[in-house]
Amino acid sequence: MSSPPNVAVFVTCLVDLFRPSVGFATVKLLEDAGCSVHVPIAQTCCGQPAWNSGDRKDTREIAEAVINAFESFDYVVAPSGSCAGMLKKHYPEVFAGDEEWQGRVTAFAAKVYELTEFLADVMKIIKFDYAVKADVTYHDACAGLRELGISRQPRALLDALIGIKRTELKDCETCCGFGGTFSVKYSEISNSIVSTKVENINASSAKMLLSGDLGCLLNMAGKLGRDGSTVEVRHVAEVLAGMIDSPPIGDRKQPRRDKIS
Amino acid sequence: MEIRSHKFRQNAADALANEQLQNALAHVRSKFIQKRAKAVNNLKAFDTLRDNATAIKNHTLENLDVYLEIFEEKVIAQGGQVHWAATAQEARGQVLDICRRVPAKTVTKGKSMISEEIELNEFLEQNDITPVETDLGEYIIQLRGEHPSHIIAPAVHVNMDQVRDDFRKHHTHLPEDRVLEEPKSLLLEARGILRERFLKADVGITGANFLVAETGTSVIVTNEGNGDLTQTLPRVHIVLASLEKVVPTLEDMSQILRVLARSATGQEMSVYTTLSSGPKRPDDVDGPEEFHVILLDNGRSSMLGTEFQDMLRCIRCGACMNHCPVYHAVGGHAYGWVYPGPMGAVLSPSLAGVDKTGHLPNASTFCGRCESVCPMHIPLPKMMRHWREREFEQHLSPPSNRRNLKLWAWFAVRPGWYRLMTRFSHLGLRILSGWSGSIRWLPFARGWTRHRNMPGPERQTFMQAWQRHLVERRKS
Amino acid sequence: MSTRSEILKKIRGAVGGPDEKNVRRVSVEQHIKRHPAGTLPSKISSKAGAIKLFIKRAKSADATVEQCGTANVAEQVASFLREHNLPATCRTGTDYKLKRLVSSKANLLELSEGPSDGNDITAISCALGGAAETGTLILVSGPENPTTLNFLPENHIVILHEKDIVPHQEDLWKKIRKKYGSGEMPRTVNMITGPSRSADIEQTLILGAHGPLRLHIIIVKG
């Protein structure tokens, strides 16, 4: 048997600041899948705030730092389609026309995966040896869906987990209105978009909302919380890792649920 | 049309507070998306056709000078005339010259976004010529003194009750007690009124969906038949077209037609695709005696060879706005100029200046759905980002934003300092979120907390927790 | 410098230098001469298949379609008019083949000739062809079939010969090139797929806008 792949986790700045549980769930899933997991200490952010604000110079500096810190590993995995998309699809644009970096950035981009994509397509995970009881629905975060084509993988993984009841969310491919700084700069529009999303979430029978990007989850959880909704919001990694005893996003209380016998 | 894009924020707030508009926009959200999805799913070759259509337009743009010359030669050979206009003003002048020479009192008009772009109606009215919009949607908004809010469904912001009120207000020669309960009765009333206008008009003005270089043909695609009556009945037909409408051959046009209607209305073909080549021939018993094509640049040639060239592939199907969450929320008028939605967010800065329209490429979540449905594979989000880059380079973005960004970027390339900063931020957020775990008021993101909570962070940052975890792991 | 040359100069500056313009012109002219067809989605191998598909697609675009032999065209027209309570008067162009088809010994129809001034209730035209892929009729202008007949009357009856039904619109471009010469066109070519319609009021589709309220296609066998 070949040695386990060396996988570096790109934690993402939002998981670092708001929701370490997602980081630990990611590490667990990767270790369970047989990877040798590393968390490079020299990581901060993927650079999207600068990139999407038109600041190429700072983006470039950040991208160089990320590549330096991560390129020695076999794979780079992020629990976020948005950040993985930045690393995989946008870094090559950041270095476009730079012959010195071209080879490095291409090799780096080829190693980058979003978590569920990596588990399903590279590690070929088709079953879990534990059960998780939850009644869930899944929102396709835009960057993962459209930049990386992630749609099948999180659903397949959830469906492989015993105890999961999954229903499709109406308009699951429509944006939640987060859009990074958009949610603050154009907050009225963002609010209108997330309100429509929340209507659809409430109209579904699911008790738990999942997605693959923490930004979108913070937005939807924040709106659901303001509206007093009881829908529990979590990153899909938490459920896949069976780590759903911690308080959900935007809450400090542990959820009450029946234990699985 | 006065540019109101700099007031985007206020326009958007007004739109969001307008209940009637919000009801009307629900039709865009549901109907357009479903119809397109069905049409696309029914055609296996759709993606191949998209690739072909994209390649055709790329090839044409790379040889645009040659194709325009060939188109012009063919039009002239058929007895038509070609007028080149560098600016909106020049194009308006050319229309007026033709109308004066006729001389024209009334001109009928097929739906044309170029006409909106050059503000033709206002100009004709100032010169005592009456423009009559004949597309039902355009007719409705002309009565209302408004501009289109959508490039293929100009009156999508208006509901049936409003149309009924407008018709009663303006069609005063009709009996007051007539029944106008159904959309059908409104349509028939408009048909009757516009029929007289068609027959009386001296000049007909249409846009063009394509200009075919091979044959010197202008092509319009419609469902109502109004554009066809506009260009068949009057003595003079004027085609208003921008440079990039040219395609090489009839076959190339047919490839693009296969993705156009499906992307726009979800039809396989629009009802009428009409190809006009020159004025009426000696043995013709109907058709215009004069055929003029006005080729408008108005900033497009400056897009060639730049990162915005791909935008010139646009065939104006409207799929990007039909699938845009921001358009769904605020509608087309909020964008403040002729072209709304994602295509407008890229095109408006090119044509009207990014200094006046800077909000448009910024008011996007970058969800990417526009690009995913664009039949011409136009990378709309990428081009909006290019506009943001131009704004950043030219120091057009707000100074406070730039300062914050620079400060954050300083930390982002210094992991040690970044850790320290996140620990402070974490502490602050932790305190603000209190016992509930959610923040209801956040000083630097009040826009966010005005409408929703900011979920509070967990006990530690990931990096803190991970270090502790590693220590414990080593111990055990 | 004229606006024309300024615009062309600007374009040339962006897409290539002035010297290579002639090189590009040669390759562009070759493309036009070859006019490659690209991707044709419908796989249709037989005439019968094309006719069947044409009928299906035309009906799905809300046209009505009948098939009949050359001897029964007048009867078909009369029956359509009766069905919709329409007078038996029809406007046509000078197309003598069409006139022969719709004339009958029993004088079922009263025909008048020429373009429409907007007072005709029903017009009959003959199509140059039909594209099966989308159920699209192709009509060309001229005294035989004036363009106003396609749009002004409320009812449009179109005669389409079976032999003129082809799989794709591209097949009709070939036919037009053959008939009018390469790069030449009749003044107007109308591609018509169903009767006129509008969805401009609340995105509700209504049949019958500015053009005909009804489109009736009679496919003539043999």
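We call the chains A, B and C, going by the order they appear; numbering starts again at 1 in every chain.
Simple rule for what comes next: a residue touches a chain if its C-beta (ideal position, glycine included) is under 8 Å from a C-beta of that chain, and two chains touch if they have at least 3 such contacts.
Bear in mind that the values here come from a model prediction, so they are computed numbers and not experimental data.
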Most widely separated chain from subunit C, with each centre as the mean of CA atoms: A
Pair of chains joined by the greatest number of C-beta pairs in contact: B-C
Length of the line joining the C-alpha centres of subunit A and subunit B, rounded to whole Å: 33
Subunit B and subunit C, separation of their C-alpha mean positions in angstrom: 29
Centre-of-Cα separation between subunit C and subunit A, whole angstrom: 53
Residues of subunit C engaged with two or more neighbouring chains: none
Two or more partner chains touched - positions in subunit A: none
Complex contacts: residues of subunit C adjacent to subunit B: 2-4, 6-8, 10-16, 21, 24-25, 27-29, 31-32, 35-39, 41, 57, 61, 93, 114-115, 117-118, 133-136, 141-143, 146-148, 150-152, 168-170, 173, 176, 183-204, 206, 208-212
Of subunit B, residues touching subunit C in the complex: 24, 27-28, 31-32, 43-45, 48-49, 52, 56, 59, 61-70, 74, 78, 84-86, 90, 134-137, 140, 153-156, 158-160, 163, 183-184, 186-188, 191, 194-195, 198-199, 213-217, 223-226, 228-229, 232-233, 243, 248-252, 254-255, 257-258, 265, 267-281, 283-287, 295, 297, 301-302, 304-306
For the subunit A and subunit B complex, residues of the former touching the latter: 11, 13, 15-21, 23-24, 39, 41-45, 47, 49-56, 58, 61-62, 65, 93, 142-143, 145-147, 173-175, 177-180, 182-194, 196, 218-219, 221-223, 225-226, 246-247, 249-253
Residues on subunit B engaged by subunit A in the complex (per definition of touch): 9, 12-13, 16, 29, 325-326, 328-330, 362-369, 371-372, 382, 385, 387-393, 397, 401, 405-406, 408-409, 411-413, 415, 418, 422, 425-426, 429, 433, 435-438, 440, 445, 447-448, 450-458, 460-463, 465-466, 469
